[in-house]
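Consider the two complexes below, in which chain A is the common component and chain B and chain C are the respective partners.
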Partner chain A sequence: MENNKLSETTKEEIKQIDSRATSVNLFGRVMHYAGIYAVALMFLLAGIVLQSLGIINNFLTTQNMVNILDAVSMLGIVAVGMAFVTYSGQFADLSVPTTMALTGIVAVQMLQYGFLPAIIAAVLAGLLIGLINAVAIGKYKANPIIWTLAVNYVTLGVIRLVWVNKQIYPDMIAKTQRASDLFDAIYRLRFFNKIALPLILLIILVVFLNFIMKKTKYGMQLKITGSAQKAAKFTGINTEKIIGITFIICALTATLAGLTITSLSRVGAWYNGTGYDFKAVTAIVIGGMTLAGGRGSIIGVLGGVLIIGLMNNIMTLLGVGTFSQDMIRGFIFILVVGINAKSLRSMGRDDA
Partner chain B sequence: MPNHYEVWGVTMLKKNINKASLLTFADKNRIYILFNFVFLFMTLLAPRFFNVFNLTTIMRTLAMNATVAIGFTIILIIGQIDFTIGTVVTLSGIIGLGLKEYIGFGGSVPVAILAGGLIGLINGLLVAKAKIVSFIVTLGMMTILQGAIYTFTGGNTISLSSDDAFAVSDWLSNMIFPLVTPRVLITLVLVTAATIFMKKTRTGRNFYMLGGNKHTAWLAGINTDKYTIAAFILSGVMAAIGGVFFAMESAAATLNMGTSSLMYVISATIIGGTAMSGGKGGVFKTFVAIMMLDVLYNGIILFGLGNEVKIFIAGFILASVVLYEAYAIYKHEKIVGQRPELLKELEKVQ
Partner chain C sequence: MSEKEKMKTTFSVTALEMKSVSKQFVGTLAVDRVDFDVRAGEVHALIGENGAGKSTLMKIIAGSFNDYTGDIHMGSSKVDLHTPAQSKKNGIEMIYQELSLALPLSIAENVLVGRLPKKGMFLDKEEIVTETRRCLGMVGLEHLNPMMQIEDISQHEGQLVEIAKALGNNPGILVMDEPTSALSREEVERLFTIIHNLKKNGLAIVYISHHLPEIFEVADRVTVLRDGKKIGTKDIGGVSSSELVQMMVGKSVTEFYSHTSHTQEKKRLRVEGLSRYGFFHDISFSSFEGEILGICGLSGAGRSELARVLVGLDDKDSGKVYLDEQEITLKNMGQAVANGIVYLTENRKTEGLALRLDIKENILAGLIPELTRKGIYQEGDGIQKVNNLIEELSIYPPDSSRIVGNLSGGNQQKVLLAKWMACEPKVMILDDPTRGVDIGAKMTIHQSIERLAEEGNTVILISSDLPELVSLSSRVLIMRKGRIIKEMPKVDCTEESVLLAANGEGA
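Presenting the complex of A and B:
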């Protein structure tokens, strides 16, 4: 009884002392509890309202929803992988665009030996870039932004040197029709005539990577490493290895996305994947993962990806031009991060 | 016999010249050594490299990026990053040429530079006051500006064809001294002024302090917010100056004229020895790095090699420098706190 009373008063006192916790603005609290899906729901509602007012058509149809998911599945695959890098406190992996291009072009080149060798070669190429990043950033602590930018440039140079500025086409390289068809199917295979393979891949990745991040020993160590790298090191965590692995995960998901985008465009070229680095960062950060590391979740990142998809879809249906869409996206990007940072600060968790 | 050597203005005592100190010296001045090496290499081997015409071409090519890099170096020195420089270059070129019809160059150039400053101000306010990471702010701002540029120009190149515009363009590209055109002169003056400002004035040195340790700088009475905002404004203004004069000289502003600037300026600044962690580096070193990269590119083209070789080598140099710096810190951290004399004693005891 006595004990209970004490805890009651303590709770009251804590509430009074930590008045910062109650000064959170409403939006911040909603963001905190319902996560990013509240925002996604807001966009969905906005779409429905716009449709009911007759401003846009065909928003709430199965086909449109499938289209939205299709459009963002590749971005999602990249983002959930890169989320690990952000979560570990290493900002972002800017070598993703050329990783996608390289794995794609390697796969197309190797199609002459069949479908399976092509996939294996692509994965090996992706793994190589991941390993290079892992050693340089994990072990030698190179600055992640600058290093991955440099790797991006080097890989671009390698692609353009080896293939001498040429594009290569899977149906011309492949010796058998079967290999070429299989490669085409990576993007075009649809289950139940609706759900595309990249979307399935994305769902599998989200479930699998979320499990790794939240339930495994590696995930726990990653969280500590991301929150406070030095503290993690002093508790005996091999932070070099933990950070290195995040870059390998990122390179592997970029490989998947690279194969998908090459299969979609039916051409292996150096420009495949351009822009996916910043798009993925946008999705990750809108999804509530902070650049300081150690905060956020894969599910949140998926929410960020969905928001980008919904936003693009609604704006396109409204007839907003591509470049005006860029502007609006930039505004929302800064706004969301600003509100998120502000609410985190007002809750006494001071970091960006 | 003198007991010291004077090398590049640095006095070295003779007795101190042993292997270790030479290495430190080489490391501190590596960008000058690198530049001299590349320049000598090209002079000796590249066909038609060492003549006034080619060297002037190099100077004219680097003038824009060298100006942009001044601001970016200051941004890196205070430990932030600015991705908007490329789009500010484009935007200022478009404003400078686009408004010329209405208010003449006398009005449009200041407006373009002010626009650059305004973007810097917004970036700075968002970073310093709203406390959003500069990576995010400038990334978002870059997307916004790109959209704005395409929306307002409708995707068209802005080009001038009136006689007086061509007169200005001709004047800007005329040689006034060997190697120096008016646009190059503007760049050189800005680089010199910025170097003196950053090294010799209290305000300039405060930027270093802010980058070295923000908290200490605050405790020392520096208004950190003000300096952060000032750095972003400088970055915007410098990018705008680089862009608008470049556009005036070519009498055309294309929509992607600044796209390659970002990567180029980041590489040069890092290769020049300005650390991304802040507090280190200098404007002049960045300028030398830009000269080195441009001499290298020029030589590659003179050798008859293509763009792909250029990209590969640029990336390779950047990667090597980043890895080298990281490795140096890694090695330093391994031995920091160790006392060799105690270790020796320990060996004796055992």
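Presenting the complex of A and C:
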């Protein structure tokens, strides 16, 4: 009935808007799935070209590819967990670096009682930080950036206070060789002599978390919460719980990464995990998950992680220093966030 | 020149003339080739239903849009009103429905915002006080201390301070949007006296309202808008109230009053002595199966707050709620939805819809737990329901994958209603369900509300749209200052009687 009332000009107008919306959607969808991997492929090709020009060496070797995957697996584990926080519209969890450090150092300390107690203690420590964040941000609506930043520093203080600024070593703390070897193996265990355990963990997490995000009741309610928190609340969705759970997921993946990085460095120390907050957010945003929440996917974030891995590898092979690498990652982050905001505005939505 | 002649000449000078002005929004032509003019020394009322284009037209005058089409003339020259600054420069001042005063600042700082007098590089405090006194004097508030903070004065005084602020800029044209919506009857009288004086001094006033009796008291001419188009301009002396209503709704009024009364047998939702301190007190009522129960009250009467408590969004302080004669206690809205009580919010954009998601995701948002089986969300099972609702409510475009933010206001409102209809609730509480939608969408929504009631569900209709309230409800509860002061059966309900009761007057 209302349709008949629309004048011809209005109909024409709607048609134009429609085609614009569809084209943006299509572009968005391509960007979100194929696009990220196309960009990753471009980086791979760039590496191959640089190698064939003789500018870098040893890029396209099995060993280097394994190196790249090893290097990104820890970042990937952090990013796919933190992606839930971003997806819920709470931007990022900046307490990740010291969550990684704390769980690592707790595990090393507990190695004296054996491998399993060490892992359990680490998971409990991570869970505690996750719960604190969940209650403060989910229930009491603390600003996620400020709150997790503060938790990061409080945790840092706790580590330096308890362990009096010391580093502790798994092989010295463990009472049995077996416990020490098992802890060592977290990072070093390889299947078929190539595929490392962290990579397998990452793949399992991607499959599992992608399923949670896209196929379950929790995932659907999370999507609505992330897209429009107030509307979700007024639909009867328990947004406090939904948001809280994202911080617990993030803390648990950070725990896995913390154990891995401590196993890699064979030392429990406050600085394990430094820089993983920003690297993870960058991977998430490059992976097509906008900071506005409710958009993107875990598969996309994995693409973002691969891009960062390839980029870091090529920059290292080129001899770019660590500080310059940080700077370049910073620029890319700003660029991607800027482009996202602009493309959303051009769609008539300035909510990025 | 005698005083009388002087008045006559000023009266005939056209202060502002709009020729064939249009404004296009995404999907709708909000103002469609409207001609409008206002003369110095007159009050020109602009009326129309919600969504008729009054506010958009007003915003064009205020300089809120830089992409309107058509010509605007002031005096003999054509002007561009593309920014608020250009409008101000041309002597146009606005008074919005919601107060735009900064609460923690003083009256003086608010009245003289942007033009605080200075002495050298410091503020000239003496001059601030005298100038503020002068402005306040124009609205009869000379007794107020200019250094008082806005949060310490009453809402009515705030409204007058707002007018004083506008008058301080010596405007030629004053636009007032529903200035009486928050005022009591005596305060309205005082405001009208002030308006009358301003008019005598040669000010041109555009007065926006949807409250007819007021128009007859204060206006010299009246222009009716409907669906963005101008229906006509009349001298107030040559038009009757029912003629204006007919112009506003586009059909005769009797047609509007169509609803059949319901049999009242089984009690559905019963409320006993419900209070939330500071918002509403000792509310008791029953609603029946198949009934549309209207709740009316001015803004601030506690209607929406009552609804929020009934669905568990806020906690109650005392009282009991029974559903089908079983006492229920709700801790959050999820429990209310599970019990079959839903609440359609008055704030569609912020609280109602996820604008970035599509029609299907929005409509199924409340059904996610029901559509989950063995841990997996089965969206496919809800599609049939979504398509049925799109058809029933004629949501346009009829494509469930459209992003809701791109739909017109009316269609967004239909999606919001569809979300709750999909849940098949026992009790549906609707808070201004047709706010800001066009008449076509309004009628569709009304039909669906009636269908819900005919199927035995209870609908509690909170509305500030009086024709809607009176025509749909079988009874109307009148709320005033947090209490139910009257229950009116359908036979007694007229727009005037309901409105008088809500204002605390009448039989």
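Observations on the model:
One rule holds for everything that comes next: the second predicted complex is superposed on the first by the 316 of 352 C-alpha atoms of A that agree within 3 Å, B and C clash if a C-alpha of one lies under 4 Å from a C-alpha of the other, contacts with A are read in each partner's own complex, and residues count from 1 in each chain.
Here is the rule we go by: contacts are C-beta pairs under 8 Å (C-beta built on N, C-alpha and C of every residue); 3 or more make two chains touch, one makes a residue touch a chain.
All of these numbers come straight from a predicted model, not from anything done at the bench.
Once the two complexes are overlaid on the shared chain, A:Tyr271 sits clear of chain B and of chain C alike. Of the two partner chains placed by the overlay, only chain C lies in contact with A:Gly219; chain B stays clear of it.
Shared-chain residue A:Asn238: touches chain C; no touch with chain B. Chain A has more of its residues touched by B than by the other of chain B and chain C. By the touch criterion defined above, A:Tyr37 lies against neither chain B nor chain C after alignment on the C-alpha atoms of chain A. In the superposition on chain A, A:Tyr113 makes contact with neither chain B nor chain C.
Legend: residue contacts after superposition of the two complexes on their common chain; A:Tyr169 is shown touching neither chain B nor chain C.
Chain A uses no single residue to touch chain B in one structure and chain C in the other. Residues of chain A that touch chain B in their complex: 91-92, 136, 139-143, 145-147, 149-158, 160-161, 164-165, 278, 281-282, 285, 291, 321-331, 333-334, 337-338, 341-342, 345, 352. Within the complex formed with chain A, the residues of chain B that make contact are 81, 126, 130-133, 135-137, 139-151, 263, 266-267, 270, 276-277, 306-309, 311-316, 318-319, 322-323, 325-327, 329-330.
The part of chain C that touches chain A in the complex is made up of residues 24, 26-29, 311, 313, 332-338, 342-343, 345, 350-357, 361, 365-366, 368-369, 372, 375-377, 379, 394, 396-397, 402-403, 405-406, 410, 419, 438, 440-441, 443-444. Taken together, the chain A residues at the contact with chain C in this complex read 1-3, 5-7, 9-10, 13-14, 17-18, 21, 25, 215-217, 219-221, 223-224, 227-228, 230-238, 292, 294-295, 348-349, 351.
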